[in-house]
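In what follows, chain A forms one complex with chain B and a second complex with chain C.
Let's look at the complex of A and B:
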């Protein structure tokens, strides 16, 4: 990967303008053959923030690892592809590695663990800039300082001489974001980027991601377990459970009027700081995997025998809203209509 | 008389340095003069960011470490003044539940053996409840008594840890981030369980958490810590509805909101979470405070009464000036 003789392709416009899409992604455990992710499909366009939401075992992290070609050894992708514009960039196909490196960048939950403890911030950024843009010397230093400035870190010259252990968690995550932007990517994949941070630092990093999405026209795919974070910055949301998409659509609409019983239950389980209503628990736990049917049926209050036999497919249920459920909740309009009817 | 009381408690740790003394050692002031009281049957939440000293304070309240100065009183006894037999008797009335249940449980002991262990250590404590009752009390099937921790889900493990804490029928429990490692849907189950046990058993507790959303639903009162100091204290609903200290305001403003259209009024905190080894002069919050005045750099404000059952350590509140963001 550190082959200095290869120059990145000059013309990426064909893929840079396109959307990043996952189609029918299916991932299985290598030894048991158990399906971990099943038929997941969604896309991200430059300039929007899409949130991938789920609890443990939902397949959210495996999905983005597959998009990055970084699936761990114990699992195998058995179907589906990852597409960038018109190109298939799944796994090691064709130009996948080079295209991904230029167009897609990623940050993860624990920035301190992602940075090499023996490298200064300056060395890390210069390495990224040389790898992706063949910058070196004073030009690389100038650009590195500009990147640090762009992620809201003051005194770039001093920071460039710092080692990871000298940084706070929030600073380290900003350095990771600066490094991710060195390649001038069109997409940023962020896996729980604020989970390890304090709440005031989380707010700063979410502001930064929203700002980059607007300022640079980045497409941001944010993996999170926190619906509050989704409400803060996502335009669209994909709700995963047990490796399947339960519901997808406009974030405000899905959070405001969930149609899938799981989305509604997850919202009710979130404690709210302004609400007197205590959170409502979902019985059981997300690790239970039924042998067949909808993955949520053992915990769902609306489940019928149909739910136990075959998983429902994702279908359009409203403007840009999709639900995989045999018993979707009534729409807001319908609920209001019913209330009007009932009240007279 | 409160059941548990901290009076001017401080805790300093010496950190860093090398065997050859080439690097000077620093003193971390983890807790710097904390005063608080917990009544019987009451839950006090202690909130703050990492490094604010909230976990250290919890351990001081349990007598698990001696304070550098100040006193911790439990039911009228100064914990530091007790000999070990007397301290052991009091310890049976206190329990600690912390974040990671897998670390708290012994992987080689069955669930049933673990939860009666406290009554083996403290044979005189309370009435001994049968294992089945202890399990049922935390919503677990008594048939799980023969299982081992690795055979349980995360939520079940945390229930086992709570069942064990209940075994001596304690008067006081410190919960240190008990739901932080759990999935949202399971977290709500444990919040419910803790609320139910508070009502049914009437123990007093200190609930340490970084998550204000959880605190809102389990605590009666809340103490907000910043760099080892309690900067604001009061009933949880009143403090969250109308925070007085600029730090409390910033902390609440940073909590992600679910309700559509409830975009938070930003109180943008500049700078990084503070370093307890380098506490600023004056009010420790002044370098990040959006409304700091000149005096805040030199004057460390004492916590003073501010409204019914509330107190706050900020000279702007004490002087009566208002800086609440427009509602």
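Let's look at the complex of A and C:
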């Protein structure tokens, strides 16, 4: 085994306050060559939560897997890079593999299945602590107990002896988070961390993530299809559709006054008990990917012939807000009326 | 200490007493099943051998006078009703007497035991070859899933799996003994004599193990915890060694159990093809001349070997599966 206690040269010092940036990320199917993610770019700095939002098939999970260098077989990254504080860590190739799990940690959708069924919680945590911090023995046990305490799990001694099948989904996700934090990462990539959990547990895990993000100064990249989750904990949001960024910007601003018809439609499709209007489903199906033009145009009430020929590029339309649309919605006042028009 | 030797350290589990009771129950059940299996096997061969031929006819010369044949039958008790012979057989068995070879009058157990080392040499080597080829090929194919190497290996394995051992054996004799003149075709004089029979016997098990290892490894490779382990900092190789292989071990163990059965059956054929002086050939000879006691002893021995192999597999399950011994309540 490599000596992991040695800090990788140059990388870490540059990383300390560096941002995690994805540029022009393009992912394609190996056999058909079909483009799954196209030109996606965004960045996360330590201390902020960025939400990557979209329906299934929007490419949000592929984006995270590409950042981790863990794309499934049959899918390849064809362009773009991932940078951490200026260093190229695309796919964690070469020496940068040592930063995976250490500077950039990740948690996933199905926490129970993400833990090896043969490993106790204690073995998992001790393994993480040894790999990333060379802690072992009593020191590792103490730190593991502290980590479990930090994610709100009582009775660490008992828990350390438990197997994943003995944990509830919420406990398993807390254990995953504790394991991810064992390395003291700067960034946490969370791929739908609450989707598999029941609603009350979801809220608890989100609170925990928000809490840790503040306490540890983590940069969190949160993949979700749930705009409620975004509203709750994200500082900034990146809305994906059909493998392209539709809209990006400050979370409150984007959710409050969406400028992209897709974002607006997504919001209108959300049930809201404080609103008299019933949720409006987006017509069509996210699976229908047009051969050309804006990926959303077949489902968009505002689409014109321009939308069918070439995809619009992401344009800056305000402070830290961008939209990829030929017909962006006007701001604030007229938005609500136009949503209904847009979604027909 | 409150752990069984099989227990991984630090695992929560019931009290030692309860665990030992569970183990004792497990062993008693196994013992009862073993005895039942042996009884069925012995009864079956006893009846079949006596119903399908007369040792007096197959062992004595064709022109032996009828009174000699009658004396032979009476000498060995073959003139009594089958059920009397059957009862006597079991009574003698309690005294540790499993009978004498009708062919040469020697103790049947001694006749069989002197052939055991040759068979063990063949089957143990073949088993080692089965594992040494089957496991790596299966894992390799899983890692190359869908590519040329995977398809080629799996096609080979299917071909090997579909061909009976004697066809492979004769093919190997033709290629290496007759055509290339590299290896001896039969007998057991030197280590070189071991190669062809071991390859014949070992490869058919290897083909089965490779196929199952591949599918078990493929399924485990797709598990979220493998991806999570790599996201947490493990390299692909580490994740395979630490997570994929141990978790794939349970289904693979089951198949290894089956291949042991295949080895026992296969060795009978292979010993015949390569004139290997083991118990497989002895069994074929004994059945041919209705050398009753010898055939019975061999059948009992094979049954015991199979049961022991299955027991070993059961215990190995306990080693690879932490839930096997752990019936504690959820702490949820």
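In this section, the second predicted complex is superposed on the first by the 318 of 344 C-alpha atoms of A that agree within 3 Å, B and C clash if a C-alpha of one lies under 4 Å from a C-alpha of the other, contacts with A are read in each partner's own complex, and residues count from 1 in each chain.
One rule holds in what follows: a residue touches a chain if its C-beta (ideal position, glycine included) is under 8 Å from a C-beta of that chain, and two chains touch if they have at least 3 such contacts.
Keep in mind the model is a prediction, meaning the values are calculated, not measured.
S.K.: Contact-wise, after the overlay, does A:225 reach chain B, chain C, both or neither (first, second, both, neither)?
M.R.: first
S.K.: Could you look at A:117 and tell me whether it touches chain B, chain C, both or neither (first, second, both, neither)?
M.R.: In the superposed model, A:117 contacts chain C only, not chain B.
S.K.: Who does A:41 touch here: chain B (first), chain C (second), both, or neither?
M.R.: Neither: A:41 stays clear of chain B and chain C.
S.K.: So, does A:281 touch the first partner chain B, the second partner chain C, both, or neither?
M.R.: So A:281 only meets chain B here.
S.K.: With the two complexes superposed on chain A, say which partner A:168 touches: chain B (first), chain C (second), both, or neither.
M.R.: both
S.K.: State whether A:183 touches chain B only (first), chain C only (second), both chains, or neither.
M.R.: second
S.K.: May I ask you to decide whether A:21 touches chain B, chain C, both, or neither, giving the answer as first, second, both or neither?
M.R.: A:21 contacts neither chain B nor chain C.
S.K.: So in the superposed three-chain picture, is A:270 touching just chain B, just chain C, both, or none of them (first/second/both/neither)?
M.R.: It touches chain B, and chain C stays clear.
S.K.: Based on the A-chain superposition described above, do chain B and chain C contact any of the same residues on chain A, and if so which?
M.R.: 168, 171
S.K.: Show which residues of chain A lie in contact with chain B when the two form their complex.
M.R.: Touch residues, chain A against chain B: 55-56, 168, 170-171, 198-204, 206-207, 225-229, 231-232, 252, 255-256, 265-267, 269-275, 278-283, 285-287, 299.
S.K.: Under the touch definition given earlier, write down the residues of chain B that touch chain A in their complex.
M.R.: It comes out as residues 49-50, 153-156, 183-189, 191-192, 195, 210-214, 216-217, 240, 250-260, 262-263, 266, 268-269, 272-273.
S.K.: Using the touch definition from the top, list the residues of chain A that touch chain C in their complex.
M.R.: 65, 68, 70, 73, 97-98, 100-102, 105-110, 113-118, 120, 122-123, 128, 131-132, 158-163, 165-168, 171, 176, 179-180, 183, 189
S.K.: With touch defined as at the start, can you tell me which chain C residues reach chain A in the complex?
M.R.: 10-12, 145-146, 223-225, 227-235, 242-243, 246-247, 320-323, 326, 328, 330-332
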